[in-house]
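One chain, chain A, links the two complexes that follow: it is found with chain B in the first and with chain C in the second.
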Partner chain A sequence: MNKEVLVIGGGPAGIECANSLISLGYKVFIVEKCSEPGGHLRKWDRLFPYGVSASDTLDKLLQKSGKAIFFYDTEVQTINQVDEKFVITLSDDTQLHVSSIVVATGFTLFPAAKKEEYGYGIYNGVITNADLEDGFKTHKKELFKANRVGFVHCVGSRDEKVCNRHCSKVCCVTAVKQACEYKDLNPDAEVYCFYMDLRMFGRGYEDLYLKAQNKYGIRFIRGRVSEVAEDVNGCLVVKAEDTLTSRPLKVTLDLLVLMSGMSKNDDNDKIADMLGIKTEEDGFLSLPEPTLNNCQTVTDGVFLAGSVTGPKTLPETLNEARAAALSVHKYLSR
Partner chain B sequence: MRERFLFGYDPFVLPFTLGMVFIVLYLLIGSVRIILALNKEERLLLLRSMNPKQLLITAKDVFVDCLLHIKVFKRNILLGYMHFSIAFGWFMIILVGHLEVILYTPQRNGVLYYPVFFRYFVMETQQTLRGAFFFFLMDLFLLMILSGVALAIFKRFRSMALGMRRTTKLKIGDRFVLYSLWAIFPLRLLAESFTANISGGSFLTKSINHLVHGFVTNPDNALPIWWSYSIALGVFLFTLPFSRYMHIPTEIILIFLRNAGIKSTSYRNGYAESEIYSCSRCGICIDACPMGVNRGDIKFSTVYTIRLLRRRENPHEGAEKCLMCNKCVEVCPVGINSTRLKLLYRQSVNDSGQHDFSYLSLLRESDSSGKVLYYAGCMTHLTPGIYRSLFNILDKAGVEYSFMDKDGSVCCGRPLMLSGDVKGAGELIKKNTELIKASGCKTLLLSCPICYKIFRDEYKLEGIEVIHHSVYINNLLKSGKIKVKRGTGKYVYHDPCELGRGAGIYEQPRELLSETGILMDSPEERGESICCGGSLGSLTMSCDKRRKITEHALDVLNTNKPDIVATACPLCMRTFSPLNKKSETADIAQIISRNLI
Partner chain C sequence: MILNGKKKIWSEYQKDIPEDHYFYVRSCIRQNFFPASEKLFLEVVRDRLSLDFFETEHHTTCGGIAYHSDTIPQETVMTIVARQFALMTEAGYKNYVASCITSFGLYTEILDTWHHFPELESKIRDYLWKTTKREFQKPEYLAHASDVVYKLRNKIADQAKYKLVNKENGEPLKVVEHIGCHYSKMFPSKGVGGAEYPYVLTGMIEAWGGEIVDYPERRHCCGFGFRQYLVQANRGYSLSNTHKKFESMAPFKPDMIITNCPGCPYFLDRWQYVIKEMEGTTYGQDGNGIPVFTYEEVAGLVLGYDPWYLGLQMHQTPVEPLLDKIGIRYNKEEKYLL
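And now, the complex of A and B:
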């Protein structure tokens, strides 16, 4: 049995899985479709709930991955199974022979323009959580001059009309985190969060939420935004319903941040097809034993890690990556 | 030609004669019941339509619809021929039969059964040219009917060959009538063939007589077959009212009432009754119904809803689930306005009017004297890309306009109307009418076909032109106020239900698209366009079922691989765009705005 493993996806899940596999003595290939490692983590500034720097986190992850062989700007073209080995052809025509595969292709951020009523791509003042994070990272000063800012939760999640019934899990706390950070940069801003439910499930999340209310004075309005329009001054007129007071609501804002959720990776169908595994109705890859083993697939030697099986926080993703590495080890030393 | 029997009677005529008397009485009572259920105004309309000119038009319609079946021909030639051959052939046999009686046995004129069994009662004295002529005609039309019957039998096994993917499931009454209908004409052929050596015959009956003659030397043996023929007719006539074939006589009544300008005002009685009984359950609406992609929902298609109505059972589920896309009405060969029946049903159960309309008094009109007043409606508010593109076009053309519901306003009332709440819709219509009239505008411009439909049909806005943006932009382009660059983009146009079937606007959007790119065909377009699945018409359809409908509609639209699926309705666009993976989805205003020069 050769000790070579392919990891598809060079995000946090892929890197951490590779790290664990290297320490167990395996040779790891990582195929990454972008030109740099890190996935979505590379684009983020700070992480909830403690405000840890995203780039520091990524650097620490990458420190241990020195022995992994990265293929950048590359995708998997074909996978053939010969006996118990996988023969993989990459888009640059490289051929790899490995004994096991870990799929860590992550998620795609919901394209906010699909919710046209929120006006992303139509009004200048409408941005997404990723745009704001980029603003934090690159210190875009003009972004922090807005005096009235709104955060719209659940954009493209829990929304059957855009075919995403699932909860994206991390946007609630991301919105709270970003709202606080915004207040740090512009203490005079009035900040509103329009939410359906606030799902503060993780350790430290509830504290952050309380801090957002007590320390930062962020206003939380329970109700979905129905539509956004622009007035003559270029300000955004946001219509929503305050479901706690059962009243329709209209606020004029300068900046609106849409919390785009985690959607299935656009390549999931292709990858699932190549590996003989299935996707669920929500588009994420399916797990035959979701409770007992969240890495295992129906195909021997193929394992899953991270948000390819549904929205996850970063610590969850990293844990799963390590679990997948152990599963590979167990499979190859059987 | 002379009579064979002194009294011109034989007991075998009884089944037919009794059946005939029964059906005539039944129809008379039925017609009287329908007329009694009409209100005073409708009866007046009916009375007024009894003038020679109107009667001539009705006679023409009856001829074209009931005998020639032109509408069925348009659907499928074989299916049309099947209906035409049986209906028209049978009619001609009856007509020529009567002519024969009038010419050869005038003393029997008016005897109910005589023209039907003519050839049993007469014998040929010598070959006459006229006899030969009529016999030839009779055989010819009989052959025509038989070919139709053969097709009908074939259709039972392979409906696809006649252009129908699915047909209606038969009930016991239908089977009786169907099998007796199939039996009538072969039996008639046999019966007339048995006596063809006595009464004379033509190419069909004579030839068969020569063949059969060898077996039946005694012509009296022909009697059982004449009995069978009469019994088949009798069974057909007696079971007719309990089967779907009641549409044959009822359609004539329906055409009379429709041509008098009467519309249904109840979902079950009066005019509606004539519509319900005119349904032949041909099942053309099953294939047409967009709900059919969810197999479990086939039972809600119009044909079955009408069957429930006919049996006086509750049509609730079908009537509430219907998307009200009107495609079944468009394809119905009888022209039953089933959408109206469903709407009337909804009115009878949903007209609660529990709304808080106190906010209406707070709304004020804007001054738009002489300008174009634009009303976006809720759907265009959710698709701001559409109105921004439209404003871009209006600015470019130098049109002065004002935005009526910029800060939100009153709903147009169509969703309430579709739910059956006429009273609630009426309140909104009243307020909007006030606002629009007080604004002093000359033109009311709409980008949503749902709004357009109700503004056009239900509002009384004298002196104000109500226009949909696809037509308005097309006018701007034609008059040279805007110019577009001609590209190589390939478009497929999706006809929104409310704009196409609802308002008859098919051409202008297509003209517009042809000006800026290549317009491609869709396999099902114009009147046959498939609902996007987002329709406000359905009150109970679930999201996942709607999604299947949307995906099916998109598959059809993307058949010819267009770059853009163009539509002229914000609701269609919202429904399509998240699910359209194969091409872009855009409103017609967005496409024109992008290509302005």
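And now, the complex of A and C:
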């Protein structure tokens, strides 16, 4: 078998997996459907919980990937298995012959407009976490003039109504991070977080949550937002429930940030079909042994890395990418 | 507000509404509240547009008010509805159109329930046969009458004598639309435009020259809410619902309200009088109330029907200031003569 491996997806998982494979002596092809590497990380400004720069992090990952061969604006069209090799045809008609495949196609950010009652795409003051992060990154000053700001947790996650029962895992701490950053840029702003429960599971998360309350005075309201509308002045009228006081509440805000969660990658079904693997009820790719081997699929030579199997933090994604590389190495060294 | 965002949602909730050949069923209460609405609907579709809409005197209540008031079991209401479908089948029709929003919601709910629980449908067929010796086909298409008027809105506009514009300055009238809860809140895909930003009435208003007002409590209940009103002790709650809506819409200075439900126009109309008596507050311009109409009445006005023929003298909130604003001619002396 040759020592050539295909990595599908040029986000953090794909890049880090390629880095590890290169260090183990493999030739790696990365197929990326966008025109640049980095996935969602490229669009982010700072990372929780410590505020590390996202672009510095991506640059460091890419520094080690110099030997990887990237195909940008390209998708996998067909995969045929011949004996123990995979013959890949790309959308630009390139053919690759590889011995192993790592799927690292990540997630799709939940399209917030699907939660129609929140008014994304309808009311000017309603944006998403990704829009706000872009505002931080590109210094959109007008975005930080709002005096009353709300963050809505769990948009498109833990929500049966949009067929996403799963927890998106990173949104709670992202909201807390973004709320603090907003207060840094506009200390006079009143900031509210509407949450179901705060899942501060990682190291440093609880500290950030405490800081958000003690230092920044962010108001955390346990309850979901039910609907959003505009008043005659164009301000947002937000209705929610405060489940700690058991009362409905209505608050007028200038800006509402929807914490869109991680949903299955829209291409998962197509990829699963090509590789003979399955998806779970939540649409993420299936792992036959999720506890003992979180990279292995039912198809020999095909491995998974990162949030293609479910929502993950960036450190978890990178660890899984390294584990996938080792799994490839073990498979090809057998 | 980003209109294109709404248009995108509207495009996702469109219905393929047949234009012709319907079995029409009236509402229990609309003829008392707004006596000309159903008569006008039939006049417009039959006489003005030459369409085939059949109705029968054998039609009864659908049982919806009792069902939503928790006074009859679900199987009873299903058997009543099965009988209505049998009447449609016997008359040779496949498209069923309900005048009442609660009936429409109930039919939709029952058809969906039967889809998921076919054994229940079999049981109801058995009940109907045992009690009436009738059999039925389910409708191929179920519409609310406002769906049909929405479908025909441009044909109505083609024959319009008046537009929903201020005759003094040519500005479109500001119109509040209020959708009955049972139209699309239970099954968003069954309503034109969905549940959050319904388009069925908005489409009519746009076609007839008006402009829709989007105000914060647009989605809120009119105040009827069945037990909010039907249980006497709850009537303060009913009134407070309506009060909340008017307080919310008032800053937008709407000229009129259009509805597609039996209860909504009644409560939005009548409670304005009560609020005026209790608090001295009116929400329209120049100390007047905001007139409330059914969509058939608005269609009748733009088509040039006499306001008193449309039964507008039965409204609690006077409609004359609005008629004057549009430039609709009417005889004050004849208001109560018909």
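Following the convention adopted for this analysis, the second predicted complex is superposed on the first by the 334 of 334 C-alpha atoms of A that agree within 3 Å, B and C clash if a C-alpha of one lies under 4 Å from a C-alpha of the other, contacts with A are read in each partner's own complex, and residues count from 1 in each chain.
The rule is short, and it goes like this: contacts are C-beta pairs under 8 Å (C-beta built on N, C-alpha and C of every residue); 3 or more make two chains touch, one makes a residue touch a chain.
On a predicted model such as this, the values are computed, not experimentally measured, just so you know.
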item	value
Combined model on chain A: chain C and chain B, fit or clash	clash
Partner chain in contact with A:282 - chain B first, chain C second, else both or neither	neither
Touched partner set for A:124, first chain B, second chain C, both or neither	second
Which superposed partner A:227 touches (first chain B, second chain C, both, neither)	both
First (chain B), second (chain C), both or neither touched by A:162	first
Residues of chain A that lie at the interface with chain B and also at the interface with chain C	116-117, 119, 122-123, 227, 229-230, 237
Complex interface listing, chain B residues touching chain A	381-385, 388, 406-408, 543-544, 547, 574, 577-579
Complex contact set, residues of chain A against chain C	113, 116-117, 119-124, 227, 229-232, 237
Residues of chain A that touch chain B when the two form their complex	114, 116-117, 119, 122-123, 160-163, 226-230, 237, 239, 250
Contacting residues of chain C [partner chain A, same complex]	1-2, 4-6, 8-9, 194-197, 214-219, 251-252
